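Chain IDs A, B, C, D and E follow the sequence of writing; residue 1 opens each chain.
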Amino acid sequence: MSDFGFHLAFWSLAAMTLGGASMIMISRNLIHAVIWLVMSMLGVAGLYLTLSADFIAVVQVLIYVGAISVLMLFAIMLTPRAERDNSQNMKTGGPAALVVILVMISTLWVAIDTDWGAVREAALTEQARLIGESLIKHYILPFEIGAVLLTAALVGAIALARQDDEDAAVHASSLQAELEGDASVDPVDVVDPPIPSDGEAGS
Amino acid sequence: MTMSDDTRLAMQGTIEALTSGDGSEPVVVNLGPQHPSTHGVFRLKVTLDGEIVQDAEMRIGYLHRSMEKLAEERTYTQNIPFTDRIDYLAAMSNNLAYCLAAEELLGVEVPPRANAIRVMFAELQRVASHAMANGTFINDCGAWHTPLFHMFRDRERVLDMFEMTCGARLTTNYMRIGGVAFDLPDELLPTLEQFLADMPENIANYEALLLENEILHARARGIGVISPEMAINSSLSGPVLRATGVPWDLRKANPYCGYEDYEFDVPVGEQGDCFDRFLVRMAEVKESLKILRQVVDTLPDGPWLADVPLHARPDPGESYARVESPRGELGFYLVSDGGPAPYRFHCRPPSLINLTALKEMSIGGTLADAIVTLGSIDIVVGEIDR
Amino acid sequence: MTSSYDATAAMEIVNASAPGAACVDDGVLFLDPERLVEAVRTLRDAEASDLVFLSNLTAVDHELHFELVYHLQSLDHNHILQVKARVADREDPSLPSLTGVYHGAHLQEREVYDLFGIRFEGHPDLRRMFLWDGFPGYPLRKDFLQMPGQVRAGLPGFPHESEENAWPVPGSVPQRPMHPNDPQPEGELVVAEPDGESEESS
Amino acid sequence: MIIGLEHYLVLGALLFCIGFFIALSKKNAIGVLIGVELMLNAVNLTLIAFSRFGSAEVALSTQVFVVFIIAVAAAEVAVGLALALVVYRNRQTISVDRTTLLKG
Amino acid sequence: MTDFAGLTSVLGSTLGAWYDFRDLNNLQRLITEWIADWGPDWLASIIAGVLGTLGILGVIGPTLLILIWVERKVIARFQQRYGPNRVGPKGLLQPVADAVKLILKEQLAPRAADKLIFFLPPVLIFVPGVLIWGVLPFGPRMSVADLNVGVLFLLAVSGTTVLVIFMAGWSSNNKYALFGAMRAVAMSISYEVPMVLALLTLVVFSGTMSINGIVEWQQQEDVIFILLFPLSAIAFFFAASAELNRTPADISEAESEIVAGYHTEYSGMRFGLFYAVELGNTLVVSAFIATFFLGGWWLWGLDQWVPSWIILLAKTGAVYFLLIWTRGTLPRLRVDQLMSFCWKALVPATLLFVVVAFVERTLLISEGWDTTVALPIMAVFNIALTLGAIMLFARVSRPAALRRPARIRMAGTEIGGLRAARQVASRTEEPQFQVGGD
């Protein structure tokens, strides 16, 4: 635990995590912010590895880097360019900074001053199996609630993000009608109206 | 309500209309003039909402050489090489159409052997051109060049035959007013026999590879649909028109060069979509091979060029001759004022006119559909721009 | 075989619904430019003529007037009719657009506008097509790039026919009109002698 | 120096505070979401540190807790981004200070 | 000398001697043990890591160069061409020449590009591309890191590629690139689901998340997973080829639509890096398909005769050929078609097989069925289920436009316009040819 490699890993990962997080604060472009967030998340995943929590580390990469960040990028791309600005801060930034500094002082004080009575046992092995077993044995109710929550989030997100289907539906039905026609009628008989008349010349 | 309120409401409505939907802005994408699948220097300006085409506008003229003006300074014979360069993928058909128009103006009778040779080369050109059209069409559907290269093999053989006959592969300049420039070389007919013997198997291969390909069906069927009424009204011609079910083929409707003597059929589609255009081309290749077989069997002897003075001055008048080129109805409209050069030289370019309905075909589909539709129309930019 | 539709019959059809809109001169149907759209629509919709397919649309510059040439085709009756209309105004020639009758006129009219400068009233998208906006002049007009001294574009005659048509002999000033931007040839102009009357025959 | 529990706790506290500040100060709704994600990560980091330096039963239950937090975070991001999109669609902005739906 | 004789032994496991090339791990172990004798622990572990990485790079690098040649040659054969045959014997040095050319080319960056993000992706894309090799077992003990969450690691690492692709496409400030990037992101997110579900089937059935564990399970039960779960194999194959942007799912770099997709603006060796990683990913996906579904380094006892990594490479080559084959023959699907295929076909089908795997696992473990009898029965049942599912999908999900066959009729003597068209269409005799339809 005390060897050089571990030190190197911890400090570089800590720098990566905090550096990435700080860059989110100052980056002006939201897309840059998301990329810095990814860097920070990767740093946290690395820190999990130094804590011998490899299952959680892999899950962290899988969900945060592979899914959440991409989801955020998607949301950013769906809003126009003007909304990709991350530089504007709330007017309440000053009081917020004060609150944050107070929180920071108190948490740091607690973290350093408390005697945690840390024991260093051997790290868990086969974490995936253990976590899985405890999930469906001890924590079955929270597990089910979590499943329901995820489903609700899925349905809710789809319901929220679905665009009003009016014009899309009109388009789809006209396209459908055009494509399907009627199998029993000759295609030539399906008279399309688009022969332009004088009034609506061409298109 | 005051006037300013009206204006404000109208502006608000505009803003809402612009930002409705899922909030994404329409994106204008330029396909071309330098783009892997625009078949030359053709530019399509597509307005996209997501992947859906909202508007398609074509910009052409990158290859405009003003041939119609240049032709007014050259004699009737000197104009034949221009026609090669109008549709450089079907030079023989263009030679033929122009020579027919000039012959109508000059009142020249073409010898039967010349007519048979003309039919032979026009049909060979159709085989080559359709091979190219279908190959690039499958490429536009996203295949990785495999069908294209197989079809190019056939095209190469046709071009080899052109080369042994007139020395050029692409811009042949083979037809003359009153016939063809040279008689067939001795080695042509055996080569052609071999070609005709090999083609059925090749076509069977393509059909096995492509016709039941589900992905190709999914990409090409129901895409770029146009109704027969709209097709006729838009002056579409060739395979694009026939795919809608309209059996209009000038070789049957207005036989030239003795097409009435040959047995062949006009394949027509049903839906008027991209896949039907592809199928019509595949079927037309078979019909062309049928014609070629008959031409080879009944090739008459005799002169291959009528006695036409090089320095011909036709009487004042005009002529309009059309042939069924691989791309559609190719016409040449010539006006003579009695001078050595045409007073007016006009080409009815099927590629250009078939593009009339491109916008209607591609709006509402996706970007990928627009590319497939463009590929299925089979344009040649040399002919669009002239 | 496609037959030519009788111009007189077509004139009768047109004049029945729009009297005086059509006349026949030397076997060619001429339409009144003012009532072109009406007349052509009548020809398209009449059962006897059924000219549903606009095969070709172009213009010819006859110096004094522009002649618009339409080739109308009936697919079911398999006949073709050549229709002409004349515009005399050279400064600002204009004509009603046929896009309302034939969608296929869309690009062909743009081409004519581009190269002849004939405006088509009612065309939805009349812009230059091959040449860029602001291109000086209309190339297919006969007076495009007219030279001083009444030298016109075009081939006046064969070299052997008269003295003034003769191919330039080496050293002389070429008589064929050149573009003013062309570099003037330096030194001796080497021009091949024409072949003369040799004719290819079978 | 031995890297122990305190190091991770301090790191977690700093990360939490950065996230907290971002969540409080950014105008952009997606920016706020990023801040919240950072805070959740800081909490997870602290929990995993306790898991490593705690007794065996603590070790397992904290990891399970982290799994739950990650799942809830994913759900939160999905719904949050969907909300941001809807807000954008209705108000043409995703600035949180201009989104005053309840004020009308 | 007895050791040497053991090399050809049919019986034993590997000897553990450094010259036993059946398990290249021996060599590395020897070196690290030697360092551990005199040096600190961390040096040994670092050297072990470096050796493993070098070993992987040493395998991938030359293999990639050869594979570029192989792919071009094979595709050329499909297309009746010769393929590269000028540089070196049989054109073998062509990839080297290409690489040299790419290195020498000017590297352009668009003026409006987001400079930092534009420069990073060609480098970053290498990270998942190399990391992913770490968990591939080349032999019983031959993987750089035999994680017990190997399957999750594989998914996590491969999921990060999409982020790099997005960075590349977005920062280029090019519409084609942005389209490519958005398509790639949408595709990647969607196709990760069937990929996870397909692997979940194996994990549920074999009860381990270690990749080597899955291979060992197949070895132990004498069966390869493609026989047990063919639909998962098909789904994984398709999902992987979609994630790799290979035809028929190469929409994110569809050349006929969006030029080169997300790497349109990259020139020179930057493009070369994208290209190399893409090929490397193709290779690694082939290797993982071979590992998961074809038994990996194990082949019914042949792994005792032949070095296990050669068996794996042979299987990888077979899968790779399959990928080239699909690329050479199939057109490309459209974006919406790919999406609906993923969500409407692959996800339900793989989900079904997760349930099937769970039930069968329960039967084997809780009910204690005899595997020698039960596995063949399950295999037959699953294959039948797969065929049924595919046929059901083909019937149900066909778009309306494809239900009706496309017909070509011959006009015969009817030549003309709409009237003739109606008459031709109303003919009752068989059309000239008719393709597609139900």
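Things worth noting here:
Just so we're on the same page, contacts are C-beta pairs under 8 Å (C-beta built on N, C-alpha and C of every residue); 3 or more make two chains touch, one makes a residue touch a chain.
Computed from a predicted structure; not experimentally measured.
Counting steps between touching chains, the shortest path from subunit B to subunit C takes 1. With respect to subunit A, maximal separation of chain centres occurs for C (centres as means of Cα atoms). Of all chain pairs, the one linked by the largest number of contacting C-beta pairs is A-D. Taking the mean of C-alpha positions as each chain's centre, the chain lying farthest from the centre of subunit D is C. Put simply, the C-alpha centre of subunit B and that of subunit D have 62 angstrom between them.
One simple way to say how far apart two chains are is to compare their mean CA positions; for subunit A and subunit E this gives 26 Å. Mean C-alpha positions place subunit B and subunit E at a centre distance of 41 Å.
Looking at subunit E, residues 399-401, 415-418, 420-421, 425 sit in touch with two or more other chains.
Of all residues in subunit C, those that touch two or more other chains are 52-53, 75, 78, 103, 106. Residues of subunit B found to touch two or more other chains are 19, 22-23, 222, 228-230, 232-233, 244-246, 248, 253, 270-271. Of all residues in subunit E, only 40-42, 45-46, 114, 117, 147-149, 152-153, 155-157, 159-160, 162-163, 166-167, 170, 182, 185-186, 188-189, 192, 209, 399-401, 403-404, 418, 421-422, 425-426 touch subunit A in the complex they form.
Only residues 1-2, 6-7, 10, 14, 17-18, 21-22, 24-25, 30, 33-34, 37, 40-41, 44, 47-48, 51-53, 55-56, 59-60, 63-64, 67-68, 71-72, 74-76, 78-79, 83, 85-86, 88-93, 96-97, 99-101, 103-104, 107-108, 111-112, 116, 118-121, 123-124, 127, 130-131, 134-135, 138-139, 142, 146, 149-150, 152-154, 156-158, 160-161, 163 of subunit A touch subunit D when the two sit together in their complex. Of all the residues in subunit A, the ones that touch subunit E in their complex are 3-5, 29, 31-32, 35, 38, 54-55, 58-59, 61-62, 65-67, 69-71, 73-74, 77, 126-128, 176, 179-180, 183, 186-189. Those residues of subunit C whose C-beta lies close enough to touch subunit B in the complex are 1-2, 52-56, 58, 60-61, 69, 71, 75, 78, 82, 102-108, 111, 115, 129-132, 139-140, 144, 153-158, 160, 195, 197-202. On the subunit B side of its complex with subunit C, the touching residues are 60-61, 64, 66, 68-69, 72-75, 111, 176, 179, 181, 230, 232-236, 246, 248, 250, 253-255, 260, 302-311, 313, 318, 320, 322, 329, 331, 333, 335, 339-341, 343-344, 346, 348, 352-353, 355-357, 385.
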